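Heads up, the next two complexes both have subunit A, just with different partners, subunit B and then subunit C.
Let's turn to the complex of A and B:
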């Protein structure tokens, strides 16, 4: 009986004009999403390669490592283009000085500010906003529409159990609509290599999981719409209710959760913290200036030795000052981060009552563009900075990033032209991101929640249908 | 000599339904429909005709009493009971995106019959008078009469011993109504037990073996075809429908009226 109803539902959906329209819309959106993602990725890759090349050229033109302005850039990843997450919002370039606090700059929206308003059309947007609406459009009248048509009564004049009926309907709708989604998704996936985008095995697995999460998310809205349809008498009422649920889930709950957590946990302002740090830095600098003024070198030393002595003295001062600033910053940052983490955790906990948030978190986690991206990038950058600092210290004998550069320039007749630097000598920044295992570990709870939502809402639809007046 | 007692195909035993708001839709209704019989329930709106059918279909739980299909309690073992019944509603609505053939195939299979071939479906659709050209047309293009024919074809193919018809000729043109009546007669002759609710007193009298008149959930009169011979049921019914009967003790007056007519 289940199979019969499942196949009927599948056929009914596929033969409906709603399916034709949705299929066409899904195909255009999804394929366009893949094409735009591919285009964005290739554009970002070109930009990244050009920036790296420019950095190398700049270094290669220098003759002294102390003069180098090094910077690193977040390498683009194909999955980032398909599920943007926060990848466009964080600064991609970080100037590396060898020590001190890292300040990411140059977000994607600096280049394309228009997208800051309209955003890119990625898979998360297509699934999260568009397809959840399609699920509602398909299922809002799945039960009460049949009642209104009279087919429900005719079906149940036969030996049909309610469980088989609602189960068959849900499964049929789900598979029918999944076809409308999977065909363009598969076309989009097939287009990636054609467009010159190569995904690793791990990325394919993650993309597969993103699509699966999307379908699971889609199933939630199908079950919600079916449950509402089985709780109301008229399709117009159920459509209105479905829309309200959709608006709350997609638009209100995620924003409200941020608002609520912001009210409950106060986090100090970033600018305030920066101002405190600057003030402290200036205060220390003023103190050091007096020490600099009272510098006295060893007696009867050569000017070059005196310079070296002064450089060493300045280095020591800078090191001490930096340590103090770092300690102070660390304390402020720690306080800020603790409060921010607490606030974020609370916001995420509250917002997870919305399936839309859970899907966003799962898909961005799988794509490597979740909130963690910034931290992972900064951790990598910090670790690189340490390496780079050591390298510069080895090369110049001074600590970089102190704010002072002591460059000894000797000019004299007959001296050879100084050699330019070889960028290959410098440690290279490599951003590995998270491993597949780490990504899976982080996303498994959200994927589990999506499955749980499906069970809960299907259970709700089932319960509503058990009590439904079939007349 | 031994007598074999035949189980009634449809039987209502002291069937009572009181809704939550206190409205009594059925009040100790007793009726029996044997194999090869047509029982027509007449009555105004809200008399309890559709409620009776809904109880047999387990869409409503009775407050007390029993609705039996082939001896099976329709409310205690609905899935088992429904195997023995086919249903045609007042306004047959099938899946509009499906063709007549696809609808027939789905509902017949839903009724537990999967052994039929396309030619069996065609035979049934021909029998109910549907043109061959309409077989593969989508239902959304069908008239009410055509949908009604498809609905009865489904009931025929289910081949259940009992058929419930809820206002089956309502809204049909005279020709379609006549064809429908003829078809019902044929089904009765094949041994089907048919319980029909109707406002169509003329067709009810023409074809039914038993006629029951319902008023406020009470079966105020139940007569056989033979008992109604010579009775001006039309005028009685019109009188009844006009509310004349409500002014006095409805049940008693109707009984008296019928007795007078018979005398």
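Let's turn to the complex of A and C:
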């Protein structure tokens, strides 16, 4: 009997005008989402490659490794374009000096505010907002609509259990709609290689998981709508209730809970911390001025060697200052980071009562654009800075980043033009990101929560239908 | 007859569960949004004030004009409670110094990424997305629903003209939608007034204009709903058609327009421009060093056949001229670098302006885009906000740098140090006369740029006009459709 109801539901859905129109709208939306994501990725890639090339050119024109201004950029990834997360809100460029605290700058939305007005249409948006709304539209009258048409009584004049009926209904709607959604999704996936975007095996797995999470999330709203339909007598009432639930769980709870609970924990002012660090740096420099003024080179040394000696002396002082500043910064940052972690934990814990939050967290984690992206990028940049610092030390005998420009003017005769640098010699930055295992480990709880929500809401729908008055 | 029909429509709506649900949802949404908006505004203000005093304190503590730095912050605006616009996405501060050009960086969202994941929902978002959906819900069965219930025939059994009926429907539904909106809006405005937020007369005018704009936008969806309802026989079909239109106009077209413009007119990234700036800066410094070397050699050549005493006397005589010559070259270097940096940025900005114009023109096919763009203009959180601030900060920087230079000349505090290496005398490091403390009373104050209400209204007029045009078209369409509507 379950199969019969399942097939009947499937047929009902596929033959309805609601399905035709929604399927057309969803297909356009999903395919456009993939297309726009792909174009966005290709555009970002062009910008990234041009910036890297420009950086390389300016290094190649330099003649002294100590004077190189190096910077790294967060490389765009295809999954970032499909699920944006915070990738457009964090600084992409980091100047690398060989030592000192790193500060990412140039966020996409600050550089190109045009894209911040309407934002991008990514998979998280499509599943999170649009498809959840479609789930409601499909299921709001699934039970009370049958009652209104008189088909519910007709159905139960046969030997049908309530469990088989509601189970068949839910499974039929879910499978029918999921297959319908999978068609444009698969077309979208097929478009990626056609447009010249190559995904690694790991990225395909992660994209697959994002889609699966999206469908699980879609299932939650189907179950909610069905539960509401089985708790109300009229479809118009159930639609209104469903809409209210949708507005709360998609629009209000995730934002309000994060903003309100986030502000419950006072995080120190970042500008104040930056100012303290700067003041300390200046104070240390003032202390070093006396040492600099009293510098005396070795006797009877050639000016070039004397300059080298002085440069090395300055490098040592700068190294010492940097260590002190780093220690001071660590102390300041520790309190800030602890408070920030506490704030994030509280805010996310509270907001996870909404399936929408859970889906957002799961999908951004899988795409590598979650809140962790900034830390992962910084860690990667720090380890690169270490390599770069060593390289510069090897080349120049000291680490760079003394923080001032030294102009060496010699009144001696006919010196040879120094040779320009080869940027290929220096270590190249490679952003690895998290491995698939790490990503899975981080997102498994949220995926589990999505499944749990499905079970709970289906249980709710089942319970409501058991008590439903069929007359 | 108008009055009767409007009252009937209004009564129908007020007594329906639709109204109760709308009232409840609107109240919660609008009040939550305003509450959070006020909380975020207060947070931004306290951060801004703390930063202002920090910047002043840092200047006061500088021990010489050569060491003084300044940072300017974007001032939070009360209108961001209603229209966040680009406030959270654009950098909020720029350092002001001799060597670096103005650059707004560290947007609120880049500093607090947690809040970037679940972005702030402002009043504009509520109207643009949620209330337009409610408008559809109120109107999708306005005509065909009455036909389905048989009440349309009944209504026209009385001496009612079609235009009277249509206009009354529009007005009645519009009132039914606006009433549940007015209550939370008034409560929200009262809270703003009671919490003592600094709302000026001009701000109130902006808020009122913005509310007027929101009503205009909702009117479009009300009229559109009636149009589609009079084009179709079944309310289920009109609902689906309206939903598709809503998705296309609210969610797809604005984004599509922007993405398409980004593809048609690509611009350079700031990282790329900065690399170009760095390359020019380096090349210019090399030129400068080369020139300085040549000057030194020339000066040394002039002294080759002199005795030690003649050399010392010659050096003493020429020292001032040489200093002036070197200083002029250095000033020219800084000017060249600044001009080049600005030129490169200007080129990109010009391209961005063309890109924006194309993006907005494409996006304006949808009333949702017109609404958002006009709202941002009225709230001054629009696309021009970043440019306005950066330009005002540049003017300030130029004045500030000029003042610092003047003060350095007066006090002899260069902030740097000079190393002389002589094969005979060895190495000598000269620090300037620092550690003197400075009086910052002459440092100019930064005035935040804010367009006047008139300027904002003028910029928003095309979008107001477009919304008006959309309403007229939709009303014309509904009138035409309804006059041909088969009431049986």
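Definition applied: the second predicted complex is superposed on the first by the 438 of 471 C-alpha atoms of A that agree within 3 Å, B and C clash if a C-alpha of one lies under 4 Å from a C-alpha of the other, contacts with A are read in each partner's own complex, and residues count from 1 in each chain.
As a convention for this text, contacts are C-beta pairs under 8 Å (C-beta built on N, C-alpha and C of every residue); 3 or more make two chains touch, one makes a residue touch a chain.
Note that the structure is a prediction, hence the values are computed from the model and not measured.
Q: One more residue to check, A:163. First (subunit B), second (subunit C), both or neither?
A: neither
Q: Which partner does A:282 reach: the first (subunit B), the second (subunit C), both, or neither?
A: second
Q: In this superposition, which partner touches a larger number of subunit A residues, subunit B or subunit C?
A: C
Q: Given the touch rule stated above, what does A:151 touch, subunit B (first), subunit C (second), both, or neither?
A: Once the two structures are laid over each other on A, A:151 reaches subunit B alone.
Q: Contacts for A:444 in the overlay, against subunit B (first) and subunit C (second): which applies, first, second, both or neither?
A: So A:444 meets neither subunit B nor subunit C here.
Q: When the two structures are overlaid on chain A, which partner does A:190 contact: first (subunit B), second (subunit C), both, or neither?
A: A:190 sits against neither subunit B nor subunit C.
Q: With the two complexes superposed on chain A, say which partner A:269 touches: subunit B (first), subunit C (second), both, or neither.
A: Touch status of A:269: second partner only.
Q: Answer with first, second, both or neither: which of subunit B and subunit C does A:455 touch in the superposed model?
A: Neither: A:455 stays clear of subunit B and subunit C.
Q: What residues of subunit B sit close enough to touch subunit A in their complex?
A: 54, 57-60, 78-80, 82-83, 85-87, 89, 91-98, 102, 106-107, 109-112, 151, 154, 158, 164
Q: Quick check on the complex: what are the subunit C residues that touch subunit A?
A: Result: residues 17-18, 21, 24-25, 28-29, 32, 36, 39-40, 43, 47, 50-51, 54, 58, 61, 63, 67, 85-86, 89-91, 93, 104-107, 109-121, 129-130, 133, 137, 236-237, 240-241, 243-244, 247-248, 251-252, 254-259, 261-263, 266-272, 274-276, 278-279, 282-283, 285-286, 288-289, 292-293, 296-297, 299-300, 352, 355-356, 359, 363, 369, 372-373, 376, 383, 386, 416-417, 419, 421-423, 426-427, 429, 431, 434-435 of subunit C touch subunit A.
Q: Okay, in this complex, where on subunit A does subunit C touch?
A: It is residues 17-18, 21-22, 24-25, 28-29, 32, 36, 39-40, 43, 46-48, 50-51, 54-55, 57-58, 61-63, 67, 69, 71, 73, 85-86, 89-93, 104-107, 109-121, 125, 129-130, 137, 236-237, 240-241, 243-244, 247-248, 251-252, 254-256, 258-260, 262-263, 267, 269-272, 275, 278-279, 282, 286, 289, 292-293, 295-297, 299, 302-303, 306-307, 310, 340, 343-344, 347-348, 351, 357, 360-361, 364, 370-371, 374, 404-405, 407-413 of subunit A that touch subunit C.
Q: In their complex, what parts of subunit A are in touch with subunit B?
A: Interface residues on the subunit A side: 1, 4-5, 8, 11-12, 15-16, 149-151, 153-161, 469-471.
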